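Okay, so subunit A shows up in both of these, paired with subunit B first and subunit C after.
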Partner chain A sequence: MKAAAFQYERPGDLPQAIALLAREGAKALGGGQSLGPMLNLRLARPALLVGLTHLDPLRSIADLGHAWRIGAAVTHARLEDERLAGAEMLAAVASDIAYRSIRTRGTIGGSLVHADPAADWPLALATLDAVVEIEGPSGRRRCPAETFMQAAFTVDLAADEIVTAVEVPKTTPDAAWSAFKFCRKQGDFAQASAAILLDPDRRAARVFCGALDGPPRPLPGIARRLAEGLALPGDTVERELGRLVPDLDPIALRMHAAAIRRAADRLGRSA
Partner chain B sequence: MSGVGARVLRREDDRHLRGRGQFVADLHLPGQQEVAFLRSPVAHGLIRHLAAPDDARDRVFAQADLGGLKPIVARSTLPGYRDSEWHALAPGRVRFVGEPVAMAVAPDRAEAEDLVERIALEIEEWPALVTAAQALAADAPRLHDGWPDNRFVSLRYEKDFERHAAAAPVVVRRQVRLSRQAIVPLEGKAVLATWDERAGQLVVHTATQVPHMIRSGLAETLGLDEHAIRVIAPDVGGGFGYKLILQPEELCVAWLALTRRRPFRYVEDRREHLTAGANTRQHAYDLTAHADEEGRILALDAHVTVDGGAYSNWPFTAGIEPGQATGNLPGPYAIRGYRCRTECVATNKPAFLPYRGVARTGVCFAIELLVDAVARAVGRDPVDVRRDNLVPPAAMPFENVAGKRYDGGDYPGSLERAREAVGFDAIRARQAAGEADGRRIGVGFATYTEQTAHGAKVFGAWGLPIVPGYEQAVARITPDGALELRVGLQSHGQGLETTLAQIAHEELGLPLERIRVIHGDTGETPFSTGTYASRAIVWAGGAVAEACRALKPRLVAIGAHLMQAAVAETRLDRGRIVAPLAEASIREVAFAWYRDPTRLPPDVDPRGLEAVGGYRPATDTGTFSYATHAAVVAVDPDLGAVEILDYVVVEDCGRRINPMVVDGQTYGGTVQGLGSALFEESAYSADGQPLASTFADYLLPGAADVPAIRILHMETPSPHTTYGARGVGEGGAIAPPAAIFNAVNDAIHPLGAVVGETPLTPRRLLAALAEARLDR
Partner chain C sequence: MSDAALDVNGRTVAADAPPRRHLGDWLREDLRLTGLHLGCEHGVCGACTVEIDGAPARACIAFPAALAGARIRTIEAFDDDAVMASLRRAFSEEHALQCGFCTPGMLIAARDAVLRAPGPDEAWIRREMAGNLCRCTGYVGIVRAIVRVVTERQETGLALPPSPPTAPATIRVRRSFVPREAADPAPPAPAGGAVPRDMAPRDMAPRDMATRDMATRDMAPRDMATSDATGWSRVEAHFIVARQPDATWAALADFPLLARCFPGATLTGHGADRVTGEVEVGLGPIRATFRGAATVERDEGLRTGVVSGAGQDGRSASRTRAEIAYRLTPDGPDGTRVDLDVAYRLTGPLAQFSRAGIVRSLARALVADFARRLNAELAGRDGTAPPSRPASAIRRALARLVPRRRRR
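Right after this comes the complex of A and B.
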C-alpha cells in the first residue's frame, strides 16, 4: 500500500516545530521506522508531518556530569557505537534493537513516544530511572521515563509537545545491570523482556518487566531481594509477577518470569 | 569443464546481484495506468451495494462491468470432485477476506488506492466457515450453490489394510496438523498488460512459472484465440507454486488492456500477499500405525483433511493437494497395508495453492512423527525403527503400497550417513549428561521420497484439466555459429539459463558464452506446461539434449563436405567438426549454411541448423529423489525457545547437472521448511479475519535464524531420464518440519511432553510442557 497524501514540513527550529505541531492533524516524524509502515498501511492518516530529526538540539549528546543528556533524535546506531561511559546499558540495548539498517534511522525519542509495549527503550529507560525532557508551547517540563508511557502506544505528551531529550543518570563503578529479551527471531519484537539496575552507591535497585500489554512494570520485591544479594528461589518471580500483573495467562507468566530470571542470571557479567 | 556435472557460476546472477534484473515492477510503458483492488473486508457475505464515486465512474470497475469475462472454473475428472466459479471480481457473494470486489485505475498506485477508498461498499456479513470442522458441520451453510456439503473432493484408497492391520500387535495413533501459511516469494503477483496494435495481440507481462498455461487460461476466460495473446514472464522473483495458477488479478488487468487498448499494471503488495495469499500447507492428520513389536509398520490407517479455502485453482484444482497427500503418505517405507481417506474442504479463506513440496511437507511431517511415536511405543530408538521400516536398496525398483514406483536409491544409507554426520552417539551421551544451562538437547530425523518430473499418467490421475505430455526445445545455430535454445518453461531462481546451457555444451561443445537460453515467452518458445513439480531439468533438459543431438549429424555432414572428408570419418568433438586430416568450426558450418549455400553438400538436410527436440522420460510416472534431514536442537523449557544446533541434509537427486545449483535449491528449500517448522503462520480470528498482515506478525526465518546447513550427496542416477537426473527443486522444503519436531520431541519426551502442530511457537511449546506437568 501507498500512504495517503499528506503535507510535509521541515521546521527551522524548535519553536517553529512546536507551532506546526499545533495545527490540526499534525504529527511529528522521527526516524520513521514505525510511523513509515503505519503511513503506508494507511493506519496513520496525518494531514501534516513535521520532520524533527534535523534539529540540532535534538541531535546532541551532552555530558552533564551526573548524567547524559541524549537528544531525542539520536539514533539507536549512534548509541550503539558511542558506548557512553556510565551508561553502558544504552549501547547494549541499542545494539540489540531490530536490525542495523533500522538502527541507523530509528531514534530513541521516536521509539519512546511511539510506546510499543514490546520496544526496548521504554523498558531500558524506566529501569535506568531516566527523565524525559519535553518542550511545548508553555515551555519545558520533565517527566520520569517510568511514568511517561501510560499504556500501549499512549504517552504523557500533548499533541503540540515534543520530546527533546532523555536524561540518563550515570551508574557508579560498583553498579550491576542487565537487560534480557526473548524474541522469536533475531530483530523481532520481544515476547518477554526484563531489565535490572543495581547501583548501591546511588541506592538504586530497579527491576522492570517489559513486553506486557501496557508499560513496563516495576518489580520492587525482586529488586529488593537482588539488592540484598539474595537468590530467587523456586517460583519467587512467578508469584510476584502474577500478583502485580494478574491478567497474564500461565504461559505468558512463565515466559516473562523466565526473562526476569535470565536478566538476574546475567547481572554484572554483561558490562 | 562446463558441461553436465560442472560447478558453473549461474549466469543470471550477474544481473540480479547488480540489481539489474527486469521484473514486472521494473517495466514502464508510455501511458501506463496502475491498478488497485478493493478487497472484501469480511470472510463471508453478500454485496448489497457497490458504487463508484460520481467523478470516477470510468476509472472504477466491478464484475458487472467486465463484459465477456468468464469466471475461472477448474474442472477435474476426479470422481465426486466439485468445481467452483471463481470470478475475477466477486459478483455478489464474497468468500474470503481479501477477495477482489472492485478495481480502480489511476496514473500511480497511491492515487488508485485513494480511489479505492472512495468506492461505496456495503456487505451483508454472513457467518464465516473459518475451520474445516465448521465447514463440515451438518448444518453449515454451503459455500457454493448446489453443493451437497462443503467438500471439494473426498478420496479413498485402500490396499491390503485389514489383513495386515489384523496381524499387528502394536497400535499407535498420532494426530498432527500444519498451520495455514503464505508462500511469500520475494516478488508477489505482478502483471502488466498492453495491446500491441501492430501484432493485433494482447501482450501480458506477468510473474508466472507457467506462461503457456496462463495464455490458455486467459484465452478461455477472455474468449480469444490463443494466437491473439502473448504472455511474457520477465525476471520472476520466485514462484514456489504461488505463480502456478491463473490469478483473478491477471484476468482483470488483461481485460483492462484488451478493452481499453492501453497498458495497465498491478503489483501485489506484501499486505495483500499475507492476507489474500494465505493459502497453503494447512493439513490435519489422524494416523494410526499397526506395527509389530519391533516397530515395523505393517499397516497404516489415515484420515487427512486439507483446508482448501474458498475456490478451486486453475489448472491445478483443489484435487492436487489431496491427491498428492493420499499417494505420498506412506513415504519411503515398506508399509504393506494402507487405508486413507482424504478430504479437501471449502472454507472462507483464500484458495489453497500447491507450495514447494506440494502436500509432501505435510505427509512427511505426519508419517515421520508417527514413526517416532511407534518407536517410543515399542521402546526402541527412533533412528533404528526408521531404518527398519525404510525400503532397502535390494528391493529396488520398488512399488509401494500406494502404487508409487521408486526407481532406485539407498534410503537406509541416507539415514545412516545423516546419523554419522550429526554425531549421533555423541548426542545421546550429551543428553545423558545434561546441559549446564538447563536446556534440553534433541536429535531428530526425517526421511522422504519425492516423486519428481512426473508426467501425464500421474497428473491425469489427479484429474487436472492440463496435463504435461511431451516437452519440446528448439535449438538454433545462428549465422555466426552461436546457439539459441528456446524452451517454453520459465526460470525464476532455478538457474536454467545456466544448466540448460551446460546440457547444450555437453552435447555440442560450444562454449557457454556462445549459448543463449530463451524462456518464459509464448511468442518465442515452444509450448510447455511450465516450471513446477521439480520437472524442469529432467524435461527441458531432456528436450534440449534431444534438440542438440538432432543438430549433430547435420553439423557433421556439412562440416565433412567442407573438408572433403567422408561423413563416416567425421565427428563432432568439443565444438569442432573433426575429420582425419582437417577440422572445421561450427562457425564455418553455420557460415556455409546461412551465407554461402553453394558450398553445402548436394544432399544437405534442408531442415538446416534449427531443430526441435521432443522428450518424455522413458517412464513418466516420475523419478524419485530422496533425502534424510537431521536436526539437532536445544530446547529452552522456560522460554519455549528452540535453537537449531546442527542441520544436515543427505540427499540424492541422481546425476547433478550443476552441483552448486543443486545446493542452492536445497538451501533455499530447507530455509522455507524451517519457516514452516518454526515461524510462518497465517492465523485467523473466529470471524475469519487474517491476523498476520505484515512481517511484524508473520515471521520469516532471517539470516541469523538459519543454521549452517550441511549438505551431503549421494548420486544414484535415474534409469528413466537423460543423464540420470532426478528433480531437485522442491525437496529441501519437505523435511524440515518433520526433522525439527522429531528433534524437539526427542528433547522433551522425557518430560512427558509432545508437540505436533506447526509452527512450533514458544507458546505451543510451553503449552505442551505445561500439559505434561499437569498430567504428572
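Right after this comes the complex of A and C.
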C-alpha cells in the first residue's frame, strides 16, 4: 500500500524542529524504519512529518570520559561498525537488529522513542543504565532509560519534545555483559529477550527482561545472584520472573526465563 | 511539494514528488529505473534494496522528500562495478536466480555483504542475507554464489583482512560482588493500571455465563488460550463500580453513557439492543477508527450480558470482530464487580502490529479508563465526588493511548 498524504518539513535547527512538532498532527521522523511500514500500511497517518536525522547535534558521538554520549540520529550500523570502547554491548546489540539495510537507516533514538516492546534498544539501554537526553520548548531534561518507556509504543516524551542523545556509562575492564533474544528468524522481532550487565568495580548488577507486553522489567533478585556468583537454576528464574511479571502466560514465562538463562550462560564465555 | 534534490546514479534530480511517494515508486514511475522491484512495500522482503549514501537501504520505506542531498544508486548504476560483475557471473553459474524478481535487491545486498564479509563464512553470509526474500527458494544457489565471490576476492588479495563484525564480550575474571542497588522492587502495577483490585490470574466467570452457547456461532471457543490459529484472542479483565448491582446493571444499558465513558467512542445510533458508532484507537503512532455495529443481549436474572460487534477501519482496511461477555456480582455492601471476558479477532494491516500481549495491555488500559470514567459519571449524577486515584506513569501512559484531540 501507499502512505496517506502528509506534509514533510526539514527544520534548520532543534528549536525549529520543536516548534514544528507542536503543530497539530505532527510526528517526528527518524530513520523511518518502523514508521515507514506503518505509514505505508496507513496505520500511522500523521499530517506532518518533521525530519530530524540531518540535524548535526543529533548525529555526533562524544567521549565524555565516564560515558559515551550518542546522538539520537546515530544509526544502528554506525554503532555496529564503531565498537565504542567501554560500551561493547552496543555494537553487539546493534549488529543483531533486523538487517543491515535497516540498520543503515534506523536510529538509536528513533527506536527508543518508537518503543516497540520487542525492540532491542529499550532493553539494552535500560540494562546499561543509560540516560535519555530530551529537549523541548522549556529546555533540556534527562530521564533514565529504565523509566523512559512506559508501555507499548508509549514513552515519557511530550509531542513537542525531542530525544537528542543517550548517555551510556562506560563499563570497567572487569565487567561482564550479554544480551540474548529468541527470534523466529534472523532479523525478526524478538519473542523473548534478556540482557545482563555485571560490573564489579561499579558494583552494578543489572538484569532486564524484554519483549514483554510493555517496557523491559528489571530482575534485581537474579542480578544479585549473578553478582554473588551463585548458580541460576531454572525454577529460581521462573519463580522470580513470575513474581515480578505476573501477566505472563505459562509459555511466555518459560521462554523469557530461558532467554534470561541463555544470557546468563553467555556471560562468562569469550568469543 | 518539496524542492529537495537528490543524486540518482550520478545525475542530479529534483525530488518534485509529493512527500507521500516512496523512493521505490519515485525511481520506478518518475525516473523509469525499473530495475528496482517492489514486493511487500513495508520493508520486509528486500526486493527494493538500493544504495543510499553508499549503504544498502529499503527504497519502499524511504521518501525522496526527506532525502535532500542523498546519493542513490540503483542496480542500473552497477554495470561497471567489479564486485557486481563478479556477483552477476557467480549468480548465473550457481543458479542463484529463477524468476529474477528478488535479484536486483539480492545483488545490492550481496555486494554489501561481500565488502563486509570477514571471510567465506556461509553462516555469516546467511545471517547477513536474511533480509532479502526469494520465493523461488534459490537461497542455496544465492549463498553459494556469494561464498564464491568472497573466496575469489580473498584469493586475489582483494578482500579486507578478516575481522569479526562483532566480538561478544570476552570475560577475563568473574569475581563476585555485592551490587549497590539491592532494593527489590514490588511487583509492577498491572498493565491495566487503574483496575482496582488484584490482577493475579484467577478463574473467570463460568464459561456458560453468557445466555447462549457461544461455541455454536462463528466465534472463538471460550476455552482457548490467548490466541489460536483462527486468529481469535481473549482478554479477561474486571473492574469495580462504586454502585450496587441494580444501579450498575441499569448503567450498563445506557448506551449514551457507555459511549461517553469508553475512550475514543462516538455513538451514531442506538435502539434497545443494537448500537452503531465508531471507536478511535491510538497507540504510539498507530491510529485507527473502527466504524461498526454491535448487538447486546442481557439476562436480567443472571446479571450477565453479551455484546457482539464488528467494525472496520476504512483507511487501513483492518477489520475487527469482538464479543464481550460480562457478569455482575456484588462487591461489598455498596459496590459491583464487573467481570469481562473479551474475545476478539483483528485482520488486515493492524493485525501485523498487534501481537497478542500488546492488544491485551491496550484492552486492559481501555477497561481501566472506562471504569474510571464510569465511576466518575455515576458519582457526578448524584453529586458525590468521583473516586480519586493516584497519578502514575501508567495514568500518563493511558492519556496517550487515546487520541490527542488538541495540541498546543
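Here is the rule we use: the second predicted complex is superposed on the first by the 267 of 271 C-alpha atoms of A that agree within 3 Å, B and C clash if a C-alpha of one lies under 4 Å from a C-alpha of the other, contacts with A are read in each partner's own complex, and residues count from 1 in each chain.
Methods note: a contact is a pair of C-beta atoms (placed from the backbone, for glycine too) under 8 Å apart; a residue touches a chain by one contact, two chains touch by 3 or more.
Worth saying up front: this structure is predicted, and the values here are computed from it rather than measured.
In the overlay built on the shared chain, the residue A:73 is in contact with neither subunit B nor subunit C. Contact with subunit B, but none with subunit C, is seen for A:259 once the two complexes are overlaid on the shared chain.
Touch criterion not met for A:165: it reaches neither subunit B nor subunit C. Applying the stated contact rule after C-alpha superposition, one finds that A:182 touches subunit B and leaves subunit C untouched. In the overlay built on the shared chain, the residue A:29 is in contact with subunit C alone; subunit B does not reach it.
Of the two partner chains, subunit C is the only one that A:228 touches; subunit B does not reach it.
When the two complexes are overlaid on their common chain A, residue A:194 makes contact with neither subunit B nor subunit C.
Comparing subunit C and subunit B on the residues of subunit A they touch gives the larger count to C.
Touch criterion not met for A:241: it reaches neither subunit B nor subunit C. Overlaid on A, the two complexes show subunit B and subunit C touching the same residues of subunit A, namely 1-5, 37, 41-42, 185-187, 189.
For subunit C in complex with subunit A, the residues that touch the partner chain are 2, 4, 18-22, 25, 41-44, 46, 49, 52, 55-58, 60-63, 65-66, 68, 109, 112-113, 116, 126-128, 130-132, 164-185, 187-188, 190-191, 199-201, 225-226, 283-288, 315-316, 318, 349-350, 352-353, 355, 357-358, 360-362, 365, 393-394, 396-397, 400-401, 404, 406-408. Across the complex, subunit C is touched by residues 1-8, 10, 22-24, 26-27, 29, 32-33, 35-46, 49, 51, 54, 77, 80, 83, 88-89, 91-92, 94-96, 98-102, 104-105, 114-115, 117-118, 147, 150-154, 156, 159-160, 173-178, 185-187, 189, 198, 200, 202-206, 212-214, 217-218, 220-221, 223-224, 227-229, 243-247, 249, 252, 266-271 of subunit A. Interface residues of subunit B, counted against subunit A in their complex, comprise 108-110, 113-114, 117, 269, 271, 636, 638-641, 678-679, 694, 696, 699, 701-702, 704-705, 761-763, 766-767, 770. Those residues of subunit A lying in contact with subunit B across their complex are 1-5, 37, 41-42, 182, 184-189, 191-192, 250-251, 254-255, 257-259, 261-262.
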